Each structure stands twice: as C-alpha cells, then as structure tokens.
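Right after this note come the structures.
Below are two complexes that have chain A in common, paired first with chain B and then with chain C.
For the complex of A and B:
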C-alpha cells in the first residue's frame, strides 16, 4: 500500500515537473529571446501593479488560452480533431515518469527510490513514448480538413523518420558503456570518477554522442531549426485549425518534448542526479530523520539544475539558428548523424572490448 | 545598347562552413554574448548602478518616443490673431491629398480682404497617409502637422474624422 501510494505520488510529481517546466519555458522562451535580441520581452502582466520581470505571464498565458473561444471549423473529423492534442501532449508527459529524479535514500527504516517508474527498460519506454507522440501531430493534420494542416502532419511524420533512428543510434555508444537500458543504472554507472578527479559522465566519455544526441533531440522537439511541421512562415502547420487551449496543448507538447530531451541528456550524459565529490553519506551528521530527505532534495535539485542547463542551451540554439529545409534535415539525419553515431558506437565498443580484454579500468 | 554584365562572385564555402558546426558555434557565440551582456546591464539597472541600457525597447504609452523635429504627426489648423481659422478654403490641400481624406466646404467670408473661408473642414485621420502634401500646398500656412500627437486612434471610423473645431484646438 505504501509502495503504491509512493509510486502514485512520484508519477504525479513527475507530471507536475513537466507541466511546470512547460509553463515556465513559455516565459523563458520570450524573455531569453528578448534579452539576446536587445529587447525587454513580456513584462506587462501585473498583479496590483507588481510585475516581477514579467513572471506573471506564466499565469496570464493559460488564463488567456482557457478563456479563448474553442473554435472547431466545419468539415473536421470531430473525434480525431478533439483527440489529437491529448495524444500529442499525453505521451511525452508519460515519458517523464521513467526518469530517475534522484537515487535511493534511507528514511524511516526503509529505502525510497526517487524514480517514478523503476523499469529495467526505462530508456526504451522513453523513446517509445516520444515516438508515439507523433501520432497526435499526424492525427491533427488528418482531422483538420485543411491542406496546410495535412501537409504539416505529413511533415511531422517524415521528420520523425529523419531523426528517430539517429536518436537511438546516438545513444548506443553511451549505453554500451553503461551496459543497461535502465536509466537508474546509467546514472549509477556515471557516479564513478575517472582517475579520481573527473566525473565519468556521459558527456565526458561520449562527447560526440552527446552533441549528436542534442541535434537529433532538437529535431524531436519540432522546434526551430527543425520546426518543419509548424513552418510558421509557410504552412503554419498541423495545428492551423486549432484554437484556444487545444492549440495551447500543441504548444505545450513542444516544450514538454524539450523537457524530455533535456531529461534524457541530463540522465545519460550529465550524470543525472549525481553531484561530483558529494559522498552518499554526506548528510549523516543531520541524524536519521533529516539525512535522507536532505539527500533527496540535493539529488532532485542537481537533476533539475542539469535539466535547466540543457534547456537553456536548447533555447539559445532555437533563437540562433535559421531553419533547415526539408531535404537538408533528411540529409543531416541519414547522411551525417547516423554514420557518425554508428562510428562512435563502433569505436566505443572496440575501446570497451580492449579495456575488458586487457583488464584495464581507467575509472574508479 | 550594349548589355553590361557585372559578375558576382559567390562566397567561398570552405570546409569549416560546410561542416556547419563551427558556424553554429560562432552564431551561438554572438547570441550568448548579447544575452549575457544585456543580462548584466539589466541587473546593473535593477541594482541602481549606472550602465548602458540592456534593451532598445521604448515602453510606449508610459515613456513616449522622442520625435524628430520634422516628424509629421496629427494636423492642426492655425488661427489668425482674431482667433478665426487662417484657412481661406482654396481647396489646394483637398486637391493635392493623395488619400483624399480632406473635405472642405467653402462659404463667403464677411471680411472684405478675404474672399472665402471654410464652412466645414474635415480630415479623416483613418485615411490620412501622413505625407504632408497638404502642409506643403497651403498658401497661407493654415495647416501644419507638428502637434507631436500620435495618440489618435478611436473605437470607430466616424470618430477618426476630425472637424474644424477639433483641429483648431491646439491652433
């Protein structure tokens, strides 16, 4: 019973993690782009004259989206039209439940894992969920009774073909090191140190894989420079026939997918919740009642900080690069990322094999 | 007539450009520099330290923009020393107006030296393109566009039409 409640609480917290990040990113997006373009950005929403650098836009945006008219155009397929935003948003949200937000802490005589869904194939779960999300995009395009929407949906499907294989291939090298598809295991592996000074994070051991993963991950989020299904300047995209919060859900999907990519990057390449040089029993001086919760807070804070860092970089890339043409994206995926990722994988496999056969272990 | 050809050399795309990663990093360098420099300036402004402004934004209604001395803004009709409008209803402004937003009806002027005066003088600011031709055309300097007033929008099109009385308010 306790285990069930704890799991439910963790899943709820994971969903809250994603939703709050998405709401916050809506503000970050406008503010960060404004600051780097010598502008001020959203700063008008106020409560009793209090503005707090525009943070109230986080509240103003959903209020606006929820109170707008939910217009359903004539000729749409109503069931699919209504279902598409939920499908699009739901699957990436579910993926968030598989990440280890922290390790295991001791509290009240038992150990508590901070990973909502402790699955031995957590990574496969995440990749499956983000791949399922594309159904919402295609469904929206199909149900909209609009050529622009249909084109956007088809582009979404072809974009998935461009990045999905590469995405898994870029992770292959890192997974070969960790020897497991379990995300908690991957983080546990990364807590070791190379020669006692450098943390054995994926980004240190797999820099090529990390960069390639970020590129493929940007394509996954359907955001600039790979915002082809949306294509604001030409076809508007798969959500052209949506309004109100249904449109807002599509917008949130992009941001939630960014969060998923950032979580994946943090988990597999930046050591997850690991804080270098912080021993596991760092807070044992606080006593048995406080040591566990304190450690849990530090782990979650560390993971969140790493996610925030990746999101910051993704956001900066989104506001720096012009968009790719469609054939350029397919070329990038199949002719550049995939061969590089496979070469990276082969090299890693060779290195791991040599290290094993010589009995060398450069870390620890 | 001979055809003149100007050869345009295409920019060299060397390996660093082709690879694109270097170019991406250069672009990110520019945007990161702008981001952190502006962030520092905003922080300095919040802390009360004097620094260059972090943004070029003009906060319009609270902080109106500084207009150039020759900026063409909302019209006004000037008055004579006795307070009557200077306009002699010659219709030159109405004739030259490319947007046809000026409508004048003339009537006899009671003064002996002046032949006509405007009975009504209306400018539809919703149509006006702010070209300033009316000001150039006016032979008696009766109309000017120097009020500095940009705040002319109204809730309906009829209210965008300004009559003589309104135009003479700051004459």
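For the complex of A and C:
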C-alpha cells in the first residue's frame, strides 16, 4: 500500500514537474527571446502592483487561454478535433514519469526510489510515448477541414517518423556503453569516474552522439528550426483551426516535449542526478532523519539544473536559426544524422569490444 | 476539402493563400495548384490596396499630390516625393538649387536604407529568423526618428515639394545621422553573421526563385531584382538625376538571379546608400534649399526695362505674373514668363511677418490659383527602392494635373511571380515573395 501511494505521489510529482516547466518555459521563451532581441519582454501582468520581472505572466497566460472563446469551425470532424490536443499533450506528459529524478535514499529504515516508474525498458517507454504524441498532430491536421492544417499534419507525420529513427540511432552508442535500457541503470553507470577526475557522463564518452541527439531532439520538439508542422509564416500549421486552450495545449505540447528531450539529455548524457565528487554518505552527519531527504533534494536539484541547462540551449537555438524547408529537413535526418549516428554506434561497439578483449577499463 | 475540377477538365488541389495569410501582408492573394507540397501553377490576384491614386491626383492642385505619393511605397516614401516633384519640375522647367538637390539625395538614400532593412528583415522573419528581424527593425527605427527630425513625420513625410524641399536639415542632423549609420552598420553586420553563412538560410534562399537575365528584362523588372541577375541597370547611373553623377557609388550586381543574390545585393546597397549620404554631407554646398522667391518685378515693368536695355536690373529677378489676376491685362504680360511666386511657398517667417509673404502664400494655396504648370507632359524615372519608379505627368496648363501616371517597380515583378514560384514548394513561396519586396501601396496605387 505504501509502495502504491509512493508511486502515485511520484507520478503526480513528475506530471507536476512537466506542467510547471511548461508554464515556466512560456515565460522563459518570452523573456529570453526579449533579452536576445534587445526588447523588454512580458512585464505587464501584476498582482497588487507587484510585477517581479513579468513572472505573473505564468498565471496570466493560462487565464487568458482558458477564458477565450473555443471556436470550432464548421466542417471539422468534431470527435477528432476535440481529441487531438489531448492526445498531443497527454502522451509526452506521461513520458516524464519514466525518468529517474534521483537515486535511492534511505529514510525511516526503508529505501525510497526517486524514479516514478521503475521500468527495465524505461527508454523505450519514453520514446513510445513521444511517438504516440505525434498522432495528435496528424489528427488535428486531418480533422481540421483545412488544407493548411492537412499540410501541417503531413509534415509533422513524416518529420516524426524520420527523427524518431534518428533519435533512437543517436542513443544507440550511449546505450551500448550502459548495457541497459533502464534509465536508472544508465545514470548509475555514469556515476563512475574516468581516471578519478572526469565523470564518465555520456556527453564525455559520446560527444558525437550527444550533439546528434540534441539536433534530433530539437526536431522532435517541433520548434524552430524544425517547426515545419507549424511553419507560422508558411502554412500556419496543424493547429490553424484551433483556438483558446485547445490551441494552448498544442503550444504546451512543444514545451513539454522540450522538457522530455531535456530530461533525456540529462539522464543519458549529463549523468542524470549525479553530482560529481559528492560521496553517497555526504549528509550522514545530519543524522538518519535528515540525511536521506537532504540527499534526495540535492539529487533532484542536480537533475533539474541539468534539464534547465539543456532547455536554455534549446531556447537559444530556437531564437537564433531560421527554419528548414521540408525536403532539406528530411535530407538532414535520413542522409546526415542517421548515417553519422550509426557510424558512431559502430565505432562505440568496436571500442567497447577492443577494451573488453584487452581487459582495459579506463574508468572505475 | 476535396479536389476541384478545373475548367480544362483536370482535377487539382487548389490552395487559396491570402489575402489573410501571414506572408501575404493582407494585401495579395495567390491561388495555388498543388501536388503534395509542389506548386504546379499559380494565379496572382492583386488590387486589395487600390486607392485610385492616379485618379485622385487629377482632383488636387499640383503640390497636394505630394502627400498621396507618400502612400505609394510607404516603406520608402521620400523617394516617391522626389520622383513626383522632379517630374513636375521638368514640366515647369525649374531646377532646384544644388543644396536642395543634395538634400533630396540624402532623403532618397535614407529611404532606400529603411526600405532594404525592412525587406531583408521581413524576409528573415518569414524564414523563421525572428531575432534578425528585430535587430534590423531596431536600426530602422533610428532612421525613422531621423526622418521624423527632417520632416516631422515617420511615414507620411511629404518632404519634397515642387521647387524644393520642405525645409533644410535641422540642427545636429549630420551628427545624428552618422551615429545612426554606425548602429545600422552594426546591425547589418549582425544580420550578415547570422544569415549569410548560415547553412539553413543559404539552403532556403540559394537556387530558389530564379529568374534569368533575359526573362527579367522581358518582364520589365528593374532595381535590386534585376541587378541580382547580373544586369547593372540603375536609374541613378543610366539616367542620372539630381546630383547622382557627382557622387561615387557602386552598383552591386549578382549573377544567378536567385533569392540569395537578391539578399546580397540589398545588403551591398545598404552600405552604398549610406556612403552616398556621407558623401553628400561632405560635398553639400551652402545656399538655398528651394527655388528662391527672388525679388518680383511686374511683367509690364520688366518688359519696359528690357526694352530700355537695362538688363542688369532685371537679371535674376522673377516676373510677377499670374494669368488670372487683374494685372494680366497689363501690356507686355504675354511675352513675359518665368518662375512666378507660386512655385514654392514663402517661408513661414515671411508669411507672418510681411504683407508680400502673406500674399504669396495665399496665391500659392488659393483654390484654382496656386502653381500653374505649362501644358505638356514629362516623364521622370528615379531609382526607387524596388526599381525604376517613374512619374509621367500631363498638364493642360491648369493648376492641377491632367493626369499622373505612376510606374510602380513591383508591379512588373509581381507579373513574373508565377514564373518564380511554379515548380517550387510552398515553403519557397515565402522566401521568393519576401525577396520581391512587394509593397501593395505602389503595386495597387
């Protein structure tokens, strides 16, 4: 019973993690782009005259979206039209439950894992959930009774197929090192040190894979330079016939997917919750009641900081680069990223094989 | 959302793009025949911003047409003013003093800079590079403030007048202009760094929207669009007006006639235009900016003096003549013609300070009086930001135009638009249409 409650609490916290990040990213997007573009950015929302650099826009934006008229044009397929935003937003949100937000801590004489869903195939779960989310985009394009929406949906479908494959391929090298699809094990593997000084994080051992992953991951979030399903100045996109919070849910989807990609990057390439040079029993001096929770806080904070770093990079890229054309996007995926990722995977496999056959282990 | 049957019996997917579409500026409509994302054929529908400029001009006194020209290419209104005034002046036989000509060059080139900044910025934004857009628009804003200093308005400028300009440069203009140019150069450099060697941007614009030299000439395309194909035709060079023959400037040309070349030509022209303005500051002589209201002598008196051989007393003086005034019956009037009091309005100090000034002002603005232009017609082309901007003015000798015909540069590019976008993808339309720099104000007039 305790285990079930604990799992439910963790899943709830993971969903909260995602939703809060999405809301916060809405503000970050406006403010970071403003700073990049010599503007002031959102700063008008105030509570009792208090503005706090526009942070209240996190509250104001959803209020606006929820109170807008939810207009459904004539000629749409109503069921699909209503379902699409939920499908689009729901699945990537569920993917967040599979990440290890921290390791295992001792508290009240028990071990508590900080991973909501402890699955031996956690990575597959994440990729599957993200892949499911794209059905929302296709559905929206199909149901909208508009050629613009349809074009957006089609673009989204082929983009996702291309970049799902690429994404898996870019991860293959790192997974071969970790020897597991279990995300908790991947993090545990990365806690070792190379020659005692450099943490054996995926980004250190798999730099090519990491960069390729970031590119393919950005494509998965459907944000500039890969925002072709949306293409605001070309076809307006799959959500052209949506308004109010349904439209807001599509917007949030992109941000949630960014969080998922950032979580994947943090987990598989940046050592997850691992803090280098922090011994496992660092807080034992605080006593049995405090040591566990303190360690849990540090782990979650470390994970969140890494996610924030990746999100910052994604956001910076989004406001710097122009948009690809459709055929160029597919060329990039199938002809460039995929061969490079496979080559990276083969090289890694070869190196691991050599290391094993020579009995060398550069990391301890 | 089904395939539609065309007149020739084929079925096709027809996509209506615009006028309510983010890239169509709300003023143009394309009907595309699609095959997947490929564009098979295009129909361009214009006229959403038709304001009957040419007809309207026939109802207004000569000088009152100047504000309507502001609304032609509203991104570079100063050039339109200058073009129209040059055409009227050609008909009048009036030449603006040299300082006025330099001022008009400065104004024109400022407008060219704002226009090219807007075009490059909007093009970048439509391709997704929103940050570049804001960098360039920020520097355009500084130039707009400069234009505001010059003539009291940012867009509806009406700076040039028949016979001169509204006013000389305000105090401190040169220093402000130089610091504004420093900012423009900085942001253009930023844009250059963010775009010119950016693989994504190059892939989007290189090899798209291609037009050949011959086709461009056949369609009557001029300006940066023509120069991108390698034809170095620039009205400022080919038919120098104002003081352009005294200034050093490059006419940048491209070679392939694609969107990338047009982008590069515009960037190079930005720098060339700024250098022209800087040269103007160095070479500009002192003196009057507009045709002077010289001492006025009655026609009868002037002809008497002339008969008596006292030429030195009437040299440089203007004849006070107005056919509809009582004085027109004076003897000798018919033989005396010249730049009368009504070509330019007197300075406001004169209007409020002296009876002659007040009378001149009234004569200049009164209904059915004012500026009268000899019968005939004149065509003057100027290098607008998009190409050759021509004004063909016709006069029947009255105080308002008989007809004003405007040759808008982007009409001819729009005629070639289907040729540019057919065979490309929907996404290419955005890049190509952006590089056309279609300004509906002058397209639809």
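Heads up, the rule we're going with is that the second predicted complex is superposed on the first by the 364 of 364 C-alpha atoms of A that agree within 3 Å, B and C clash if a C-alpha of one lies under 4 Å from a C-alpha of the other, contacts with A are read in each partner's own complex, and residues count from 1 in each chain.
Keep this in mind: a residue touches a chain if its C-beta (ideal position, glycine included) is under 8 Å from a C-beta of that chain, and two chains touch if they have at least 3 such contacts.
This structure is a prediction, so every number in the text was calculated from the model and none was measured.
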- [ ] Please determine whether it is chain B or chain C that touches the greater number of chain A residues.
- [x] C
Open item on the list: Contacts for A:145 in the overlay, against chain B (first) and chain C (second): which applies, first, second, both or neither?
Closed with: second
Open item on the list: Contacts for A:224 in the overlay, against chain B (first) and chain C (second): which applies, first, second, both or neither?
Closed with: second
- [ ] Would you check which partner chain A:232 touches, where first means chain B only, second means chain C only, and both and neither mean what they say?
- [x] second
Task: First, second, both or neither for A:39, with chain B first and chain C second - done: both
Open item on the list: Quick one: is A:321 in contact with chain B, with chain C, with both, or with neither? Answer first, second, both or neither.
Closed with: both
TODO: Go through chain A and flag every residue that touches chain B in one model and chain C in the other.
DONE: 36-39, 319-321
Task: chain C-touching residues of chain A, taken from the complex the two chains share - done: 33, 36-39, 75, 145-148, 150-151, 224-225, 227-228, 231-236, 319-328
- [ ] Would you mind writing out the residues of chain B in touch with chain A in their complex?
- [x] 21, 24, 27-28, 30-32, 34-35, 38-39, 42, 54-57, 59
Task: Parts of chain C lying in touch with chain A, wherever the complex brings them together - done: 1, 13, 15, 21-23, 34, 37, 124-131, 134-135, 138, 194-195, 198, 200-201, 203-204, 425-430
Task: Complex contacts: residues of chain A adjacent to chain B - done: 32, 34-40, 211, 316-317, 319-321
